[in-house]
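You will see two complexes here that share subunit A, one where it goes with subunit B and one where it goes with subunit C.
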Partner chain A sequence: MSGVDLVAAGSVPQPVIAQVTAIEASLFVFVVLTAIVTALARDVLAAVIVFGAYSLGMAALYTFYRAPDVAMTEAAISAGVTTILLLLTLAKTTRIDHEVAFESVNLPAAGAAGLLFVGLLLTTAEIPAVGDPDAPAWSNVDVTQWYIAETYAETGVENAVMAVLAAFRGFDTFGEAVVVFAAGIAVLVVLRREVFA
Partner chain B sequence: MSFVETTVVAGYTVSDFLLAAAAGFVVLAVGMLYRAVKGPTMQDRVLAVNVLGTNTVVILAMLGAALSEPTFLDIALIYALLNFLMAVAISKFTVERGGVL
Partner chain C sequence: MSDRSGSSDSLDDGTSEGIDGFGDRAPSDTDGPSRTGRLDSEVRQGSPYTESQVIMPTVKVVAPFAFTYGLFVTFHGGGSPGGGFQGGAIMAAVVFMIAFAFGIEATREWLANTVVVGLAVGGTLVFAGIGIVTMTQGGAFLQYELLPVPLSRINRVTYGMEAVEILGIASIVSGVLMGLFFLLARGFSSEGGASGTGDSTARTDGGDDR
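After this line comes the complex of A and B, so read on.
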């Protein structure tokens, strides 16, 4: 099976373009608005709440771009865990009442952020299109085909992605698990608890 | 041919109508955002984010039906659960400071 065949077999049905752009455009407006409000809101609790709304919009956007796994992570981590952790931090510290609702914009900082945005935007032209047979992953057909053909014989894991995560780069995953474990311990220390309950 | 591909009127399919409705709900989300930003009280913001979450669940369900992607419903379910959790956490925070969990 050649790379082009694999791409064709795995391609998703292309949605109707006109409606797609309408949803995309309104989601972009929503996400950008929430991001700006989160950055500029003077009241921390308001910023936390609007940040929750931001992650709702991001998850909808990820889902729309057919990345449901990323959307689930965004939903669970950003909307759920992060909001709770930020609220816990607020509860442990103080919240000052402000008279003005929004911070004034720091122009040099906004300019630097704008430059970074433009710089990142310029790199997007180099990203291969979805299903492009000339993309780096497909131009090295020997490597990708080796993983597809030999994964089960080498590791005994049926899912190739899972095999890469748990076997081929097992130590890397182990390091990630250590980081997550350390973060869990740190949360328990901050909460002054001994178990998650 | 699945149900969403059936033509309703003037060549537009059920899928088209679902996508258009989803776009309408996204536009409504911007309106809900106004309440979340403006406040004035924290209860307004909590309610606004709660409605936003329910709105997101509806949008995801519509997209899942229109694009024939049943897995979108899983994400919608996660959101329905987390939305409730967020509303309870923020409400508890505003009522009894310090008690989030």
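After this line comes the complex of A and C, so read on.
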């Protein structure tokens, strides 16, 4: 990210992160470590708890990259609700005490994951730098800049993310809300129950 | 289903072992020479709840603030990060917190099934209703400026969006999450009844006998 010539912003203030800061680096290390521990932990309970920590680290990372809406969703849903639901499921199942803390690494699986990792790593050269004002997702006059410029006049709310979700893309959000509703119904059907109890 | 009376109290029975259901290493006799670990599933399934003098006061203090924060995130979604989805999840998490402090069964009795269903169904109906009302006015789905309310155009859009976020999305998310929580806490058995009883013989498979 350093070394990229960050062009000075125009009229709209641009998020500019020129260097990898210590906080950012430690968050990256934390997230990678928790992800590895989640994959390798032998005890499922430990894996679930570390996975919650991973989600919290991701939420902090999203906050750091100025996506607070995503960060709040990650913290509330992934770190909070999902962890609780997984723990609740574990409480219903048999748990075995393990002598060793970690699974032995499955070499073919690790090789496949490594290949995927290298493949993804090769694409990062094409991804715009963080804070790059010329990034297509940001500099697009017809979409991003239009929403930023017009949201308040069109909807009267300042949070463009919410305006997109509730107004500009309201029908999509309706579909998502119905999916959440259908998930509740589906669990009722699968568990053959008629009440949420 | 006809199982509500038979097993609804099973979670509160025999709370002598198991610390809030998670992470406890309840000492139990091992069985099976091939397994070195302890199987405490019946302890868990029988009593996931034990009163804790640390957790209960903590939740008593934290819950009002967390719930207020959830309300703030929901109602203030137009001016700050957040919105109905995040706020609904936070408010549902408050209920989870209360359930872990004071017992899932007690929370379930306090928060009736009607409330959970009402939130989920009512939220969906409000969301769909607002969209359809604007269609009956000759517009598109969720074309807020056509809402038949005596407000200025921009306020119709703003309050229409807030209504969708607060009454629609937040209700759906909090209701469904609470419902999933209560359903998972109850579990499953093929007879249509709840698990948590009669599993004392199923010591090794850890699941419900079918």
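Everything below uses one rule, namely that the second predicted complex is superposed on the first by the 120 of 197 C-alpha atoms of A that agree within 3 Å, B and C clash if a C-alpha of one lies under 4 Å from a C-alpha of the other, contacts with A are read in each partner's own complex, and residues count from 1 in each chain.
What we mean here is this: a contact is a pair of C-beta atoms (placed from the backbone, for glycine too) under 8 Å apart; a residue touches a chain by one contact, two chains touch by 3 or more.
If you're wondering where the values come from, they're calculated on a predicted model, not measured in any experiment.
Chemist: Once the structures are superposed on A, label A:L45 by its partner contacts, choosing first (subunit B), second (subunit C), both or neither.
Modeler: The answer is both, since A:L45 touches subunit B and subunit C.
Chemist: Under the stated touch criterion, which partner chain does A:A183 make contact with: subunit B (first), subunit C (second), both, or neither?
Modeler: Second partner only.
Chemist: With the two structures laid over each other on chain A, which partner does A:I84 touch: subunit B (first), subunit C (second), both, or neither?
Modeler: both
Chemist: Just checking: does A:E126 make contact with subunit B only, subunit C only, both, or neither of them? Give me first, second, both or neither.
Modeler: neither
Chemist: Check whether A:T93 is in contact with subunit B, with subunit C, with both or with neither, and answer first, second, both or neither.
Modeler: Only subunit C; A:T93 stays clear of subunit B.
Chemist: Would you sort A:D142 into first (subunit B), second (subunit C), both or neither based on which partner it touches?
Modeler: Once the two structures are laid over each other on A, A:D142 reaches no partner at all.
Chemist: Have a look at where A:A59 lands relative to subunit B and subunit C in the superposition and call it first, second, both or neither.
Modeler: Only subunit B; A:A59 stays clear of subunit C.
Chemist: Does the superposition put A:S26 against subunit B (first), subunit C (second), both, or neither?
Modeler: The first partner, subunit B, only.
Chemist: On the superposed three-chain arrangement, identify whether subunit B or subunit C touches more subunit A residues.
Modeler: If we count touched residues of subunit A for both partners, the winner is C.
Chemist: Just subunit B (first), just subunit C (second), both, or neither: which does A:P68 touch?
Modeler: A:P68: touches subunit B and subunit C.
Chemist: Residue by residue on subunit A, keep only those touching subunit B in one complex and subunit C in the other, then list them.
Modeler: Residues 45, 68, 71-72, 76, 80, 84, 87-88, 90-92, 191, which sit in both footprints.
Chemist: Could you pull out which subunit C residues touch subunit A in their complex?
Modeler: Touching subunit A: residues 1, 4, 8, 21-23, 25, 35-41, 44-45, 48, 73, 77-83, 85-86, 89-90, 92-93, 96, 100, 108, 113, 116-117, 120-121, 123-124, 127-128, 131, 141-142, 144, 154-155, 157-158, 161, 164-165, 168-169, 172-173, 175-188, 192, 195, 204-207 of subunit C.
Chemist: Considering only the defined contacts, which subunit A positions touch subunit B in the complex?
Modeler: 13, 15-16, 19-20, 22-23, 26-27, 29-30, 33-34, 37, 41, 45-46, 48-50, 52-53, 56-57, 59-60, 63-64, 66, 68, 71-72, 75-76, 79-80, 83-84, 87-88, 90-92, 101, 191
Chemist: Where on subunit A does subunit C make contact in their complex?
Modeler: Spelled out, the residues of subunit A in touch with subunit C are 45, 68-69, 71-73, 76-77, 80-81, 84-85, 87-99, 154-159, 161-163, 165-167, 170-171, 173-174, 177-178, 180-181, 183-184, 187-188, 190-197.
Chemist: Where on subunit B does subunit A make contact in their complex?
Modeler: 15-16, 19-20, 22-23, 26-27, 29-30, 33, 36-37, 39, 42, 45-46, 48-49, 52-53, 56, 59-60, 63, 66-69, 71-72, 74-75, 78-79, 82-83, 85-86, 89-90, 93-94, 97-101
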